[in-house]
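Both complexes shown next keep subunit A, but they swap its partner, so subunit B is in the first and subunit C is in the second.
Let's turn to the complex of A and B:
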C-alpha cells in the first residue's frame, strides 16, 4: 500500500517531528518555565492582593494616615515657628527635612503589622498564604505610603521654608524615591518584629535609628548636593548606596520574616 | 481520588517551661474524625493551633501527606480550614469583601468563582453580605468564619468550639457540614459539647492524654 509523503517524509515521520517539538517545548522546557511562572504567581498574586487589602483598609480606617498627617503638620509648624526669620544654611535644612521624614515614618509605618496584631487578624492571614507574600505585600504598601508622605512633606517644606531652595531637582526627587524605598524596606521588617512586643510605641524608633543611620546620612548628603546644584553624576555614589541598602535589607528581611511571622 | 494523611508523632508543647501536653501521637486519614476534649486550659486550642501550623510544637513532628507524598510545612494552609474563636475577620470590610479578599490572597483564581455567594447563602448571611462585619452579631461572625474556612474546599477541617455563638439553625448547618466532611476528608473538633462529639469517631482527652492509632 502506498502512502502519501510530504517533502519526501512519511506522514508518520511528520507527526513524529510534531510530537518531538511538542514534547521538547512542553515537557522538557515546559515544566521549568511553568514552575517559574507558578512560583512568581504564588508570590506576587497574594502579595498584590495583600497590598490592595491594606490600601483599602487604610482608606477606610485611616489608622496610619491620621497619625502621619498630624505628625507632619505639627513638626513643620514647630520648625517654622522656631526658625522665624533666621537664615539657616542648606546643610542644616537638609538635615531637618530628613529628621521630619524619619519621625513621621516612625509614627505611622508600624501600623501595617501592629493593626493586624491588635485586631487579631494575624492568624487569619497566616492561614491564607505563606509568609513571603505577606512581607512583600506589606513592603509594597509601606513603600507607597512612605513615598506619598515624603512627597507631601517635601512640597510643604519647599513652600514653607524660605531658605530651602533645590538647585538640582533631579537629584532631589531621585533621593526622595530611593530614600522612600530604603525607609520602607527597613521599617517593614522592624514593624513586624515590634508588633509582637508589649512596648511597641517606644521600641520602634529605638530599633529603627541604628538600622537607618547609614541611610539617613546618605539621603542627607544627597539632599545637600541637590541644594548646592551639583551635577546628577556627582550624586551617583549616594544613589548606589541607597539601592544597595534597599536590596540588602529586603533580602535579609525576606529570610528573617518567616521566623518573625510564625510564633 | 486524593488520599490525605495527617500524622502526629510525639508532640509536646510548653509555654515558659509549663508543660501543656506531651507525647501526643496519632494518625488520621481520609474519612477519619477526631475529637479533642479536656477541661478549660488543658490545651485543646493549643493543639488545634499546632495542627494547622499556627504554633510550632516544642517537641515532635507533624506531617501531612497527599497520595503518600509529603506536603511541605509552608503549604499546609492550602489543605486546612480552621474555624476558631481566635480567627478574626476584617471588621472594616463587608462579609462578601472578606471572602473575596481571602479568595484572591489564596490565589484561587477562577476556582473560587461563585463560591463566596454559595457559601454566604449556605451559612445564612447572604442578605447581610454587603454590610460591614463590625455590624454583625457574634453568631453572624461565626457563620462568616465557616464560609471563609470552606472557601478553598479544605481536605482537613479543624473546628475549635464549633457551635459557639450559634443559634439552633446555625448549629444544625454546622452539624450538616461536619457530617459531609467526615465523608470526604478529615474532621477534627476541639470541644466538650456532647452534640458535637457525636460526629467524631476517635477521641483525645487531654486530661488523660490518650493517643489513638
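Let's turn to the complex of A and C:
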C-alpha cells in the first residue's frame, strides 16, 4: 500500500483497529440471527465508529476547527466595521446572523468527504463497511460540528452586536438546534457529491444554496420571531418545516448516497 | 418514422399559431356578448393577456424539471446512458423556458407592479429554479468521467427535486406576495392559484398550456435525437 510510505500509522491499520471490535462481534452472531436489533446494530455501530474516527482526527489536527473559528471572527469583525454605530433593525441582524452561519458551514462542512478523497482513504472505507453507515456517521459528525459552530457564532453575535436582543430564548435556541440539523443534512450529501468534482471549493456553495434556501428563509423567519418576543407556539410552524425538511433530505440522501459513494 | 414527426410537428405548429392569434386578437370589451369577446379586467386591462403565455412557460419549466429528475432516477436504476442524454436535454429546455418565463414576467411586472423584480414568493421560486439549473450544469461541467457525471447530476437533480415542494407549497404561504393564490389574497391562499376566469378565457388558457407542453415534447425529441448523434460521434 502506498499509504505505508507516509510514516507513522498507516490509515489502513488505523481503520482496522477501529473496526475490529465490531466485526468480531458480528462474526460470532452468524447471518441466521439477523433480527431488527442486529440490523440496527449493523447500521449504527459502524456509523458510530466513523463518527468517532472523524471526531478524533478533527480533535487531533484541529484543522477545520481553527480555520472555522478564525473565519467566524473575521466575518463578524467585517460586520461590526460595516455597521459602525448605525442602529440596524433586528430583522436585518437576524438575516446577517444566518448569512454568517451559511458561509461558515460552506467553508467547513465539505471537509468530511473531501479529506477522504485527498488522503485516498475512500477505498479503505468502501472495503470496511457498507455505504449507509458511512453516510450516517458523517452526518452525525457534521451535525455536531455545525451545532457547536452555530452556538459559538450565536454567542459571539449576541455579545458583540448590541442591537440584537433575543426576547424569547426558547425559540432562538430551538431554531439553532433544528437549523443545525437541517444544514448538516443538506450539506452532507452535497459534500459527498462535490468531493468527486474538479472544482470543489467554488462548487459547494453554488450547489448548496438553492437546496438550502427554504431552510434559510425559515430559520431567518424564526429568528425574527425570537427577536420580537413571540410565544413559542407562534414559531411551531417554522419548526415543523425545519423538521420535515431534515427528514426529507436525510431520507433522500440515505437512498442516494450509495450511488455517489460507489465508483 | 419520418412522417410521424412531420404530423406531430404540423399539429404543434398549427395549435400554437391558433393560440397566439387567439391570445392577442380576442377583443376585450366591457360587457362581452360574443363567444370570442373577453371581459375587461380592471387595472389589468390588455396586460391580462400575459396569462396565455407566461403561465404556460412557467408550467413547462416545471414539467421539464420533473422530466429531468425522473430520467435521472431511471438512469440510476438502469445505468443506461440514453436516460442521461434525456435528462440533460430536458434540463436544457427547462432552463430555456425558465429564462423566458422570468423575462416575460419581469417585463410585465414593470408595467403592472412598478418594478422589474419584487421578490414575491413565486419570483423567488423561479429564481431558485434558475439557480438549480445553473448549479446542475456547473456540476456537470466539472466532472470528466461520463458515468460519474451522469450519476452525480442525477443525484443532485433528485435532491433538488425533493426540496421543490418546500418552495411550491410552503414558501408562498409564509410570505405575502403579489401573484394570485399568495397569502392575503382574497380568493384564499391555495397551493395552486384559483382561476377566476370566464369560460372562453379559460379555454384559451388551457389550450395554451397543452400547446406549450406539446411544444416542449417536440423540442425534447429533437434535442434527444441530436444529443444521441453527438454522443455517437464522440464515441467514434
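Going forward, the second predicted complex is superposed on the first by the 229 of 263 C-alpha atoms of A that agree within 3 Å, B and C clash if a C-alpha of one lies under 4 Å from a C-alpha of the other, contacts with A are read in each partner's own complex, and residues count from 1 in each chain.
Just so we're on the same page, a residue touches a chain if its C-beta (ideal position, glycine included) is under 8 Å from a C-beta of that chain, and two chains touch if they have at least 3 such contacts.
All figures in this text were calculated on a predicted structure; none of them were measured in a lab.
S.K.: Given the touch rule stated above, what does A:197 touch, subunit B (first), subunit C (second), both, or neither?
M.R.: The second partner, subunit C, only.
S.K.: Once the structures are superposed on A, label A:207 by its partner contacts, choosing first (subunit B), second (subunit C), both or neither.
M.R.: The answer is second: A:207 touches subunit C but not subunit B.
S.K.: Just to be sure I read the superposition right, which of the two partners does A:253 touch: subunit B = first, subunit C = second, or both, or neither?
M.R.: Touch status of A:253: second partner only.
S.K.: Contacts for A:124 in the overlay, against subunit B (first) and subunit C (second): which applies, first, second, both or neither?
M.R.: first
S.K.: Is A:168 touching the first partner subunit B, the second partner subunit C, both, or neither of them?
M.R.: Touch status of A:168: no partner.
S.K.: Quick one: is A:187 in contact with subunit B, with subunit C, with both, or with neither? Answer first, second, both or neither.
M.R.: Once the two structures are laid over each other on A, A:187 reaches no partner at all.
S.K.: Go through the superposed model and pick first if A:105 touches only subunit B, second if only subunit C, both, or neither.
M.R.: Once the two structures are laid over each other on A, A:105 reaches no partner at all.
S.K.: Using the superposition on A, tell me which residues of subunit A are in contact with subunit B and, in the other complex, with subunit C.
M.R.: Residues 263 of subunit A touch both subunit B and subunit C.
S.K.: Okay, in this complex, where on subunit B does subunit A touch?
M.R.: Listed in rising order, the residues are 49, 52-56, 74-75, 77, 80, 82, 84, 86-93, 101-102, 104-107, 148.
S.K.: Report the residues of subunit A in contact with subunit C in the complex, numbered from low to high.
M.R.: So the residues of subunit A touching subunit C come out as 189-190, 193-194, 196-199, 203, 206-207, 209-211, 213-214, 217-218, 221, 241, 245, 248-249, 252-253, 256, 259-260, 263.
S.K.: Touching residues of subunit C toward subunit A in the complex: what are they?
M.R.: So the residues of subunit C in touch with subunit A come to 76, 124, 128-129, 131-132, 134-135, 138-139, 142-144, 148, 151-152, 154-156, 158-160, 162-163, 166-167, 170-171, 174-175.
S.K.: Taking the touch rule as given, give the residues of subunit A at its contact with subunit B in the complex, in rising order.
M.R.: 41-42, 45-46, 49-50, 52-53, 56-57, 60-61, 119-121, 123-131, 133, 262-263
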